[in-house]
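Common to both upcoming complexes is chain A, partnered first by chain B, then by chain C.
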Partner chain A sequence: MRALDRALLVARRELDAERRQPDGVAAALTFAGLVVLLESLALGPGRAHDPDVASAVFWIAILFAAVLLVSRSFDRELEDDAIDAIVALEGGRDALYAGKVLALAAVIAIVALAAGAFSIVLLDLDVRLAAHLVLVAILGVVALPPVVVLVSLIALRVRARVVIVPILAFPLLAPQLLAATAGTSAALSGDASAALGWTGLLASFALVYGVLGLTIVPAAIE
Partner chain B sequence: MLPSASLHDATVVLDDRPVVRGVSVEIGPGLTIARGPNGAGKTTLLRAIAGLIPLARGSRQVSGGILYIGHRPMLLRGLSARQNLRFISAFRGRTDADVVRALEHWGVGAVMDRPIERISAGQRRRAALARIDTEPEPVVLLDEPFADLDRDGVELVRDAIARAVREQRAVVLVTHLHEELDRDAARRLVLADGRVSLA
Partner chain C sequence: MIETTASPLPALRLRPWLGIVATALAMLVSWMGLLWAPTDAVQGDVYRVIYVHVPAAWLAYLAFAVVFLASIGWLWTRRPWFDALAVSSAEIGVLFTGLAIVAGSIWAKPTWGVWWTWDPRLVTTAIMFGMYVGYLLLRGLSTDFERRATRAAVLGIIAVVDVPIVHLSVLYMNSVHQLPTVLRVGGDPSLDSQMGMTLGFSVIAFTFVYFALLAERMEIERRRQQRLLDVRA
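== the complex of A and B ==
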């Protein structure tokens, strides 16, 4: 079986488990929605409506939601040592990483879609470049799981994993946060060239961490 | 080629403490039973043979695929027993594995589509052990397979081990129970304080 087929199998397993036990998605959706709601209450409609502010708050919410989702996913793996069933298989470690990245990108995309729609409606955002906004959002989402899953796997058996993962992941994700926020703000404001420029950085970021993850994960999982 | 697995001068360190120390073992076809007191390093030895933990020193060699079933069921919650076993079989490229028949044989056919967190510990154990039938790997590592099982379940495990041995598979069994199994064993290992001796 090819490496891609194995990764797709793991991704499907992950999505099946998430569908039947959707507590991670529910928590992430609730969290992201509450952050957007609290932003509008705390800043008032005038400042919350600002593209820079709305974009930053949206991506911070998505970043925390991603950590929540990944954390729940690995909690499930560690219950009953389910993860060992994959790790013991030939090619299992690579497939575990790649499959989790694919599945979590899909789940984070759902959360981002819901939170994004909620932000646009609640904050009455004026979207000048819808296609650019979608492109930035897709690449911003795709850039998240390679880092968060990598850090989660490295910290898998650490007792304080819930604390360690954000502490390790957030500094690494600073370029993603910066590029996604600036790109989203540019798309909302109608600056096409700036939006496209930031998408290039997001794509490079996702590629670099995807390759890095596949390189070091086999040795990193105990 | 006959199935085999071996460790040579293997040391495993967990939490800065050597749990397995300079162990050399060779596992071939037939039943190998590993016994020893709690904390002697039996589970760590099995996980080292399975390649689940790194060796601080020494080497590991395996010919043929390995099936490792730990002392916990290793089934993902949220999925059913059937989904779990189908996933692992498909991962190994065994699309022809008869998962339903295996789960029925192990007495969990009626609950095989329930999420595994909604079936009993004994049923989860049976579902995990059904992998012996769906994944005919030449090396089989079983860690305390009798835990949580009733008398019928114990008989099923004993039958599965006997069948695997007849099929020339190399079976390593870690258990505190059923000393009568020792007379059928090709090798008996005794672990104490991270070291192995032949009984």
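== the complex of A and C ==
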């Protein structure tokens, strides 16, 4: 079996588990929706409508949702001891990492789509460059999982894992957060060249951390 | 398979001498920085913070680069010495990153008018600080020696990606932070020669302080590892 097939198998298994028991997605969607609601309440409709503010709150919500989702995913693995079986297979560690990254990207995309639509409607955002916005959103979604999954694997059997994963992941994800926020704001405001510039940065970070993860992940998994 | 003894490195035999040289150099640069170097025409005496701020920032980079190399060393060889080097350097790096931030903040108030500003370089330095505090927290939450060392090594390699971002941010992002004064691309250092010499000596003195602290901390870690290995044996 090729490496890509193994990764796709893990991703499919992950998505099946999420479909059968969608508590992680439900929690992430509720959380992201609540953040958008609370933003409007806390800042007032005038400031919440600002593209910079709306973009920042949206991506912070997605970041927390990603941590929530990956935490639920690894909880499930540890409850069933399923992770040991995958790790024991030849090439299982790489497949575990790549599969989790792919599955998490797919689930975050669903959450981002719902939360994005919710934000646009609720905050009455004016989308000037829809295609650019979609491109930034896709690359933003792709840029988060390589880091979140890698950090979760490092902290897999650590005490207080729920606390340590965001502490480790958020500083590493700061450039991605900045790029996604600035790119989204640029797309909302109609600045095409800035939006494309930030997508380039997001793609670079996704690539760097993806390659780094695949290189280093066999050592990270116990 | 890890080694069953945490043997000391020959370089650690220089330990007492490192402390003496570091203390002597620290006294020399204190005199140079406070008395010998001229007062700046624009900033007055407040600029003298540079003799702490810049070397502390340099040590932060150095310390985290050492963490990176030691992490690779641990993953490659599984020799406990590399893990001792990584944790010792990380602790010193966190200390000096904190010192660089505090010294920079003290310098910023009279020159920029604020203690802190959301300048990219300041933010990324603070992020780097948070990242290595996280590194130390991760180590603290792990009990098994080998697992702790491996987890920390992986994080030590990932985190170093942030260090070039910190340095390059001042060049490529809009920044109120001044451009590099000494290591400038395609130009001579923009400092007065006496100031430059004092800064150079400060960097050397701080580097000796780093190695002196590193040697002491590694010795503590080596003994701790030896106790763990004795218990295991």
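Basically, the second predicted complex is superposed on the first by the 222 of 222 C-alpha atoms of A that agree within 3 Å, B and C clash if a C-alpha of one lies under 4 Å from a C-alpha of the other, contacts with A are read in each partner's own complex, and residues count from 1 in each chain.
In this section, a contact is a pair of C-beta atoms (placed from the backbone, for glycine too) under 8 Å apart; a residue touches a chain by one contact, two chains touch by 3 or more.
Since the structure is predicted, the reported quantities are computational estimates derived from the model, not experimental observations.
By the touch criterion defined above, A:A88 lies against chain B but remains apart from chain C after alignment on the C-alpha atoms of chain A. Of the two partner chains placed by the overlay, only chain B lies in contact with A:Q21; chain C stays clear of it.
Looking at the shared chain after the overlay, A:R76 reaches chain B, while chain C stays out of its contact range. In the superposition on chain A, A:I164 makes contact with chain C only, while chain B stays out of contact range. In the superposition on chain A, the residues of chain A touched by chain B in one structure and by chain C in the other are 222. Against chain B, the residues of chain A that register as touching in their complex are 1, 6, 9-10, 13, 16-18, 20-21, 76-77, 79-82, 84-90, 92, 95, 222. Partner chain A is touched in their complex by these residues of chain B: 50-54, 65-66, 68, 70, 72-79, 83-84, 87-88, 90-93, 115-116, 124.
Those residues of chain A whose C-beta lies close enough to touch chain C in the complex are 150-151, 154-155, 157-160, 164, 167-168, 170-172, 174-175, 208-209, 212, 216, 219-220, 222.
Residue ranges of chain C in contact with chain A, taken from their complex: 75, 123-124, 127-128, 130-131, 134-135, 137-138, 141-143, 147, 150-151, 153-155, 157-159, 161-162, 165.
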